[in-house]
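Several structures are given next for inspection.
Presented sequentially are two complexes of chain A, the first with chain B as partner and the second with chain C.
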Partner chain A sequence: MRIEAKDLTFTYSKKSKAISNRALENVSLCIEEGEFFGIIGQTGSGKTTFVQHLNGLIRVQKDSGSLSVGEFDLTAKKCDLKALRSRVGMVFQYPEYQLFAETVKDDVAFGLRNFKKELSLEEEERRVKLAIETVGLNYEEIKDKSPFELSGGQKRRVAIAGVIVTEPEVLVLDEPVAGLDPVGKRDFMKLLHRLHASFVKTIILVTHDMNVVSENCTRCAIFSHGKIHSVGSPKEIFSNYEQLIELGLDIPVTAYLERELKKLGIDVDSDLTESDFADKTAKAIVGGKQ
Partner chain B sequence: MKDVTFGQFFPAQSFVHKLDARIKILLSIAFMVAVFMVQAFQFMGFVACLLFVLVVTALAKVPFGKVLRSIKGILFFIVFSAVLQLLFNKNGTTLWHWKFITITDKGLLNAGFIICKITLVVLGASLLTLTTSPVDIADGIESLMYPLKWIKFPVHEFALIMSIALRFIPTLLDETDRIIKAQKARGANFESGNVFKRAKALVPVLIPLLISAFRRAEELADAMDARCYSGSKNRTKYKKMRLTWRDAIATLVVGGLITGVVFLNITGFLAVVL
Partner chain C sequence: MALLSMEKVSFSYDKKIDAVKNVSLTVDEGEYVAIIGHNGSGKSTLAKLFNGLCKPDSGEVVVDGFSCKDKKSLFEIRKRVGVVFQNPDNQMVASIVEDDIAFGPENLGVKREEIGERIQFALASVGMEEFRKSSPARLSGGQKQRIAIAGVLAIKPKILVLDESTAMLDPQGRKEVLEVVERLNKEQKTTLINITHYMDEVVRADKVYVVNDGEIVLSGTPKEIFAKRELLEECGLELPVSSKIAQKLIELGVNLPDGILTKEQLAEELCVLKQKI
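Right after this comes the complex of A and B.
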């Protein structure tokens, strides 16, 4: 599903349309199907407000631009939000705080039961099992446990299983790696790539972690004060170190190293992923000596 | 969810805002007593009370619309009591009669007075909450309850519970908002269905909310422990409440109002007797 926002504006307080109250201002952005899209920006820059528009949690306000997700026109008054939400999954920050059911199985099945009521019990179980196994947990071992007796990492996985169980085409994640240790982070990103390779066609990742962006995203957008500052590949975005610092952001380690190496006269032109950077740096240094 | 305002404090720099919270609480209670003391058929009493509310509102620099808005919440209650008076007061001369419904002149008058009384009481209470921050009110109540210590009532702990509850309301509202959104994203539907269905739909919101409230309580307890918090013994206050000339003036004015109402009652009573 292609996502297209045009001049999207959002004001939190309904009464005053004052510019200072605007969480979003004339945001125009196109996200093609198949992208692994990163959204970065300071706290309060409007990233979360923007992504919550994508599945209709926040409705497009009157005369405030247009937004379409696939065949869904979110500007229209009548929009089948249920169908939309089953196809655009959303993982919130600290998703483990949304668990509520008595067993892991019931919790994961919650979305399925809401969206696809006609499903047979066997089909439901098959899908729940698939979702739990996709997030890397053992179904038989965990299905009848209470979600509250799991460890923090397991809870988060179960919560994510509860979102992907409906096999959404677009998956939006708001700070999904916050509070995870390095291994947990890496495992989590691997999981996202696995999903991206199967039924999830588009992944939209809201994050503060520039390394996650450079390592995984095909393109990214910088939000600043409710506006889009720039859109492009990580390489393009992170080439302007000074501007990013000015916006209160940072650049990934690889971009930083590349910059420092350039000062030493070693020109490494990688795509900023760790493996590519390592390869090209090695080549540049060895090549330089020769 | 953002529209839910609890404690409608309207910050401003004014005579009323600067009054001591304890005095304000006591005077609000006194004002309500005065309103209830006004006997029916004494317009002057109501006029005086209304005038008082208007003057205080003006002094407090609070927009009058904000004060009036507090009535909205109990509008049903006001109308309900007035209708009861209207229908079931059988004294006085009959004005209108239809089957079992009888409306008398006294009923009509009483209904009018009930409306005036409740409205004035609510206006007085909302003036208190509009001009006093929740924290100050909690502090004031603690100070006013101090005498209860004689009967071993844990005043300080009670006040602490109050201020913690107040402090966590916005936090829990934010949390509720987030959980509702998360469950909506998973297809939860809070808007349709009958009452029971809607109540059941709230379970996926209430359970995570309850759990997070307990988690927060535990974290707060740990944080307080880590800073060696230990109840009320030898604790000093950062903000000491002091009575000033303002409080004296306010007390005099409210005292005057009550005296006036009592005086009106006595003259009214004498007029009837003599």
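Right after this comes the complex of A and C.
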């Protein structure tokens, strides 16, 4: 499903002049099917408001641009939101706080029961099992446990299982690795790549962690004050060091090092992933010696 | 004498599994201590033991001469140890920022005029002066966390404990908060205990404790800690990004020294190498 926003504008509390707050202004952005897309920007820059449009949690306001997700026209009054939401999965910040059911199995099945009422019990169980195993948990061990007796990392996995159980084509994640320890974070990113290689076609990741963007994303967009500041590959985006600092953003360690090396006359020109950077730098330095 | 000391402390939530096992540690006045460990390693329980939210099953916690064993000292301990927790939403008690910050000093019986000054000082410290009359509900997650920190600063604690308090902030917000607390540590000699799993926050600490399964498995300077890569990985941790890249470069035959912790150090070392070529 291709996502296309054109001049999307959104104002919170639009009717009250005193407290109205323009969160998005003329945002135009295309995300192609198959991308691993990063959305970055400071707190309050409109990232979350934008992604909440994608499955109709926030509706496009009148005369405020257009938005389409695959065949769904979100500007239209009669948009089948239910169908849309089963195909665009949304994982919020700290999704573990949204667990509510008595057992892991019921929690994960909740979305399925809402979106696909016609499923037989066997089929439901099969899908729930698959979702739980996909996020790397042992189904038999965990299915009858209360979600509240799990560890933080397990809870987050269960929450994700509850979203991917409907096999969405687009998966939107808002700060999914916040609060995870280094190994938890690494495993989680591996999980996203596994999903991306199976039924999830497009991943949209909202994050503050620039190293996550340079390691994983095909392209990314920078939001600033409700507008799109720039869109491009991590390489293109992070070459603009001064502007990013001005926006209060960081750059990945690899981009910083490339910039420093360039000052010394070494043009590493990697794709900014850690391994490519190390390979090319080693070649430039050790190779130069020989 | 240490400002805070833990002597063979064990604690269990359910009387079955120890969340903290036989932990001894000391924190000196003015020190910047980092505590790292994976999710569920027991490091947040340590924070709760520091200020008496949890009472040790065995062992003793002494803060500024007050022992946790003495019920009457609890108030004195909490006055001295301010903890900022993970989730700012759980720490807001009032509907206006200044009331929220006043909550701590009001409870301590601070005079009205002084409360005003403390609010001013606390908000200035976290760069949120303009939000004094705002409602916390209308702030972003990062801004809320800065208010939570201001609320603790208003108590003027001797020890400031951050329990993963920067996890939800954007890079700019994180930097600001760290600058604030590190400045307080340097200029006002506020003792700082930063519980985190951001490895790059650890590199500036004086002393680091690594917690795994409720036990302290390693302690030392950041440089000493990050020299033990395998042990850290066994504990669910890893090196700071810059150290990781340096390691990779060393493996690929680049002649870098050990112990690189920051991107600035790495850039400098690469610069030195380049000049040798």
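Here is the rule we go by: the second predicted complex is superposed on the first by the 285 of 290 C-alpha atoms of A that agree within 3 Å, B and C clash if a C-alpha of one lies under 4 Å from a C-alpha of the other, contacts with A are read in each partner's own complex, and residues count from 1 in each chain.
Rule of thumb we're sticking to: a residue touches a chain if its C-beta (ideal position, glycine included) is under 8 Å from a C-beta of that chain, and two chains touch if they have at least 3 such contacts.
Computed from a prediction, not measured in an experiment: that's the story for all the values here.
Enquirer: Kindly classify A:100 by the partners it touches after superposition: chain B alone (first), chain C alone (second), both, or neither?
Expert: Only chain B; A:100 stays clear of chain C.
Enquirer: Comparing chain B against chain C, which has contacts with more of the residues in chain A?
Expert: Per-residue touch count on chain A favours C.
Enquirer: Quick one: is A:181 in contact with chain B, with chain C, with both, or with neither? Answer first, second, both or neither.
Expert: A:181 sits against chain C, while chain B stays out of touch.
Enquirer: Under the stated touch criterion, which partner chain does A:64 make contact with: chain B (first), chain C (second), both, or neither?
Expert: Touch partners of A:64: none, neither chain B nor chain C.
Enquirer: Touch check for A:211: first (chain B), second (chain C), both, or neither?
Expert: second
Enquirer: Between chain B (first) and chain C (second), which does A:163 come into contact with in this model arrangement: first, second, both, or neither?
Expert: Touch status of A:163: first partner only.
Enquirer: Once the complexes are superposed, what residues of chain A are shared between the chain B interface and the chain C interface?
Expert: 93
Enquirer: Which residues of chain A touch chain B in the complex?
Expert: 12, 52, 55, 57, 82, 85-86, 89-90, 92-93, 95, 97-101, 110-111, 114-115, 148, 162-163, 166
Enquirer: Sort out for me which residues of chain A touch chain C in the complex.
Expert: My answer: residues 42-44, 93-94, 151-153, 175, 178-184, 186, 208, 210-211, 248-250, 252-254, 256-257, 260-261, 264-266, 274-275, 277-279, 281-282, 285-286, 288-289.
Enquirer: For chain B, which residues count as touching chain A in their complex?
Expert: Those residues of chain B that touch chain A are 2, 175, 178-179, 181-189, 203-205, 207-208, 211-212.
Enquirer: Touching residues of chain C toward chain A in the complex: what are they?
Expert: 37-40, 86-87, 140-143, 164, 167-174, 197, 199, 233, 236-238, 241-242, 244-245, 248-249, 252-254, 263, 266-267, 270-271, 273-274, 277
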